[in-house]
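I've put the structures underneath this note.
After this come two complexes, each holding chain A, first together with chain B and then together with chain C.
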Partner chain A sequence: MAIEVLIFYLLAGVAIAAAAGVVLARNPVHSAVSLVLSFINVAAIYVVLRAEFLAVAQIIVYTGAIIVLVLFVLMLVQQQDLPEFHGGRPLRRAVGFLLGLALLAEVAAAILTRSLRGAPGSWTPEAVAAVGGNIQAIGRELYSAYMLPIQATALLLLAATIGALFLARPELVEERLAVARRLFTISLAHPRGVDTLQPVAELPAPQDGQLKPAGGDRSLVMARTAEEFTEQPAWGESRR
Partner chain B sequence: MPVQLVAPDWSLLVPPLVVLGTILVLLAADLVLPRERQAGLTVVALLGLAVSLVSLLAIDWTAGASTFGGMYRADSFSLFVSLVALVAGILSILVSAGYVESGIEPGGMALAEYLSLLLFSVLGTMLVGAAGDLLMIFLGIEMSSLAVYALTAFARRRLTSIEGALKYFLLGAFATAIFLYGIAWVYGLTGSIMLDDIAGALRDIVQGDAPVEASLLLALLLLAVGLGFKVAAVPFHMWTPDAYQGAPTPVSAYMSVVPKVAGFAAMARVLVQGLSPLSEQWLLLIAILAFITMVYGNVVAIAQRDVKRMLGYSSIGHTGYMLAGLAAFTSLQPGDRSVGSMLFYLFAYAFMNIGAFGVVAWLQERGQGVDLEDFQGLAARSPLAAIAMTIFMLSLMGMPPLIGFYAKYYVILALIEAGLLWLAVAIVIMSAVSAFFYLRVVAVMYFNEPAGAWQPARTPLLGAGLAVMALGNLALGLFSGPVLDLAQRWALAFA
Partner chain C sequence: MDWEALIVSYLLGFVLLNILLVLMAYMTWFERRLVAFFQDRIGPNRTGPFGLLQPIADGVKLISKEDIVPANADRLIFLVAPLLSFVLAPLGALVVPFGDSITLFGRQINLYVIDINVATLYFLAVGSMGVYGIILGGYASGNRYSLLGALRSTAQVISYELVLGLSLVGIFILTGSLSLVEILRAQQRTLILGGLELPNWFILSQPLAFVLFLIAAVAETNRAPFDLPEAETELIAGYFTEYSGFRFSFYFLAEYINMIVVSLIAATLFLGGIDGPFIDGIWWLVAKAFIFLFFYVWLRATLPRFRYDQLMGLAWKVLLPLALINIGVTGLVRLWGIGAL
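Then we have the complex of A and B:
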């Protein structure tokens, strides 16, 4: 028993320290890695509590899916594009700090003076073993006693999906098609296209007898509108 | 241990299931119908809510039956919450009827998604009202506010809309975390998430004059703070003005009422039903919150020129009045008016505030802005709209015989019976303060000359909605008895 308590404190300590690292780290990637550490320690605590299924779910869902999502967002969002979150005036910060300390003291007092303990539920280790393990036990509870919350959660996620899809969708589909038609009039290997996305005037002048500028990447041949595309003279023609 | 599958009593769930069915119809129709032929979906949504409203009649709410192991309760409290949520949902859809397609918001708003999210929020609020445990309360509140976060950002090309939604979402998520932490504490201390079991366990714990444990107070504090965010009580109101101003006007109308109903229903369920043995502790907390909320909301509203922002601050003030109703709680005996007065206030508020936002939307559809200047000379241009706005303003102010007066009157009555005279006096004084900014709108409409271009528009559903709400303010004020009786039956549900 004592060794379990020791392991618990170790895991909990690392989890809390890692959680603090999430908040304190300046680099968002470091925050994400700290989050991984915190999640894994929480999963290990579940193992100590003999909730193996929860531990695996924690690893798969949080450490796997959610962290990958966080890292994706970090990768896709240019950090210099993020708005500056300002911390408020010094006085406000001091008041906030003091209030935070007061809350911490309150939580500490609540934990340290606690004598109340709720009655234990009916799922004792023996009862869990009797049904064949904690996956079976969780399954039975979820799909009998907690049927309504499960369904409500499904609806909640449906609502979230609809909202997220609407907000993340760039434009209404029809508009988007029109935009696509307008913008992406592409001619690959068309003889009369513009050679680069740069305006013609900014390109270095061609050398004698050379139609295309020396060096420089040849990016996608593209014109912004159909008119521009047809009116644009082939590279070099205007220079002659 | 054998699996116990008890067939739930689905007949009790008919009203929320009708709303859910309407959502599914809307989503399916969005797939099939091309966008230009979707105007009829508004009628579908209205019909769905109306059918759900009628189906409330089919259930015997006085029996206080419950199903899903007590997680869903069909009692007189859930009846009233469902009633307010459905009525407010219908009124909001009437207000949003031409607005969504009108092109006021750059880039337009997708009608089917708009309506289905709005109905999701109504559904969540109904689930909170009928919740028998903390888990369902949490899920219901989340459903009702998550949909509104998305609705707030529905004018995606307007930066204020995105800003309001972002603030609402981040602070709302933060509040949710606090609320969940409170639930975890309650569960750890009492061993249950069922509200009745929590109340039973607490009754054994809290006995006599012995000091209450710090852990219980912490749990209480976390729950109160989390719910305080949801109803926009000061000092947890920071998101409110920006969200109300930034959201599309019909969404502002909606979110000033229905998510608030969800928040207050959760407060009543958690504090009055679950934590009533701790009422000595939370009563003072709620009374102080009520006082600073009503003072802050009404005083700051004076300085606003933007009418939507002014209504945002005024809604903070009204949150204060509703909290005062809750603070008048004395006991779970049938004679106690506290929760009943709060419920009646929410009902009245749906008619007053959605109406006021409705007139703003009505003006926007005629090419006007949302500033006080845009109301100039409205009486000369459209006497009916000006009369409707006057009724809403006077009702919000608390002028007899409108419904707003009776709402305040019942709260004050409850406070006096509970011996909280100072809070009753504060309500009267703050109503007088609020007269300044409500009457200013009326004065601008009647005494200033019209200015700016006026584009006539046809908005039959919005007009009908405004007429219903204006008449409702008059009629339900004069004949408030039946509605109040219904609201006063809350004590039967919690006993």
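Then we have the complex of A and C:
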């Protein structure tokens, strides 16, 4: 038992340090990487608690999908367009500090008064083993006792998906029709969106006076010997 | 706590990872020779008999090269990202069963490193973590081509991971378990169709899922024809443009280890793993994985690269609906008791 407690403290320590890194890092990508580290440590704590399914779900959903999407957005946005994470107006800083303090007080109160603990549920380790493992236990519980919340969540996600499609749709009716047409056209010759190629207008032929050397205005450099090209001395050769 | 079983597991894992490292080096040799034969060339045949020492020569070359860090790279992430890719790649092989339990020196020894009840999900989770090596490497290089490669790979891996996961749900419905050992045991039964006696391999009861898994696995390992993150004609080399020396080789090796691991998992999930005619054993698993590895090289030598929008269109408009239909049909069949175990 002592080893498990030791492992828990190690994992929890790394998770908390990584979480602090999320807040303290100046580069948002570094913040995201710290968050990944924190999530993995939390998943490892789940494994110590014999909740393998929860651990794997945490890794697949949070680190495998959500943080990847966060990184995706961070890379698409120019670094200078990102909001300033540190500093800012005095009022904002003060409010942020107070909110953080309030949250800390709440969590500390919950832990110190032990009101978080509650009564132990009916799923003891023996009961979980009896139904064949924690996947089976979670499945039974989710699709019997928590049927209504599951369906409500499904409805919410469906609404969010439709909303995203609605927001991403083109503004004009003609554009929408064009998109629909493109969706059902298989074009092997042109990239999407240029199925009706317009001929490119020919450039006017250059006059004699407009012709320029390809090198631009840079004057030609004549090298008399091969050594003049060499900027770095070769291996074992002394610089002249 | 059963300390002896734990130590045996660790030893087995250690041996397995080392075998994987050697195999991966020879996978590069195998691929180069095979692609050469496909293209009517000879391939590496100078270093050792049949060029068998070529991987060692390559390794020595890559290790002795200079390790360059670009001036505007994000230094720490740049240095760590290839290691991340390399370390995560072989972890999936730890849940592959290489046989059932045997009795040796009076104690029961399992021929698998570990049997966790979420083994298949664990494989998917490790795969989804592996993409971080690519994303962070591309970002940290401070190069636009690398960044583009990383962005492509992000979108690609997220899309195809979904297909990969959903294609396996049919198997979960049929076996009622996510453990690879349980899935293997389910496949060792005999399937009786009229007068025919067939092995209960899931390629026979889940053919659509097998095709989907195969396509998604090729995309997940960033191999041709889905090798858009490293499209050398468009992106120079994609996410590893700025990498050189042994850090470059880490990416390279991670790709080959991923191929081997995915082949082992595919052989276990769909082709019955160690199950085969005459005597069951690890050789059947190796032979089946070899078929998949040959398939990988065959694809690379045959097919041109997909265009980016075709790639995403294929995942979201073709493969994902097919996977959902497969789940629905399998569920109905199980409900009506036709395929009940």
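Observations, loosely collected:
We take it that the second predicted complex is superposed on the first by the 139 of 240 C-alpha atoms of A that agree within 3 Å, B and C clash if a C-alpha of one lies under 4 Å from a C-alpha of the other, contacts with A are read in each partner's own complex, and residues count from 1 in each chain.
As a convention for this text, a residue touches a chain if its C-beta (ideal position, glycine included) is under 8 Å from a C-beta of that chain, and two chains touch if they have at least 3 such contacts.
Just so it is clear, the structure is predicted and the values come from calculations on it, not from any experiment.
In the superposition on chain A, A:156 makes contact with chain B only, not with chain C.
In the superposition on chain A, A:65 makes contact with chain C only, not with chain B. Using the contact criterion defined above for the overlaid structures, shared-chain residue A:111 touches chain B, although it does not reach chain C. Contact with chain B, but none with chain C, is seen for A:145 once the two complexes are overlaid on the shared chain. Judged by the touch definition given at the top, the superposed model places A:120 against chain B, while chain C stays out of reach. Contacts of A:75 after superposition: chain C is touched, whereas chain B is not reached.
Chain A is touched at more residues by one of its partners, and among chain B and chain C that partner is B. Of the two partner chains placed around the shared chain by superposition, chain B is the only one that A:164 touches, whereas chain C remains out of contact.
No residue of chain A lies at the contact with chain B in one complex and also at the contact with chain C in the other. If you check the complex, the residues on chain A that touch chain C are 27, 29-30, 33, 36, 52-53, 56-57, 59-60, 63-65, 68-69, 71-72, 75-76, 133-135, 191-192.
Within the complex, the chain A residues that touch chain B are 106-107, 109-111, 113-122, 127, 130-131, 140, 144-149, 152-153, 155-156, 158-160, 162-167, 171-172, 174. Interface residues of chain B facing chain A in the complex, by the touch rule stated above, are 1, 3-6, 8, 20, 27, 35, 68-69, 71-72, 107-108, 110, 113, 116-117, 120-121, 123-124, 127, 135-136, 139-140, 142-143, 146-147, 149-151, 153-154, 156, 185, 187-192, 201, 205, 213-219, 221. Looking at the complex, you find that chain C touches chain A at residues 74, 77, 116-118, 121-122, 124-125, 128-129, 131-132, 135-136, 139, 147, 150-151, 154-155, 157-158, 161, 165, 178, 307, 309.
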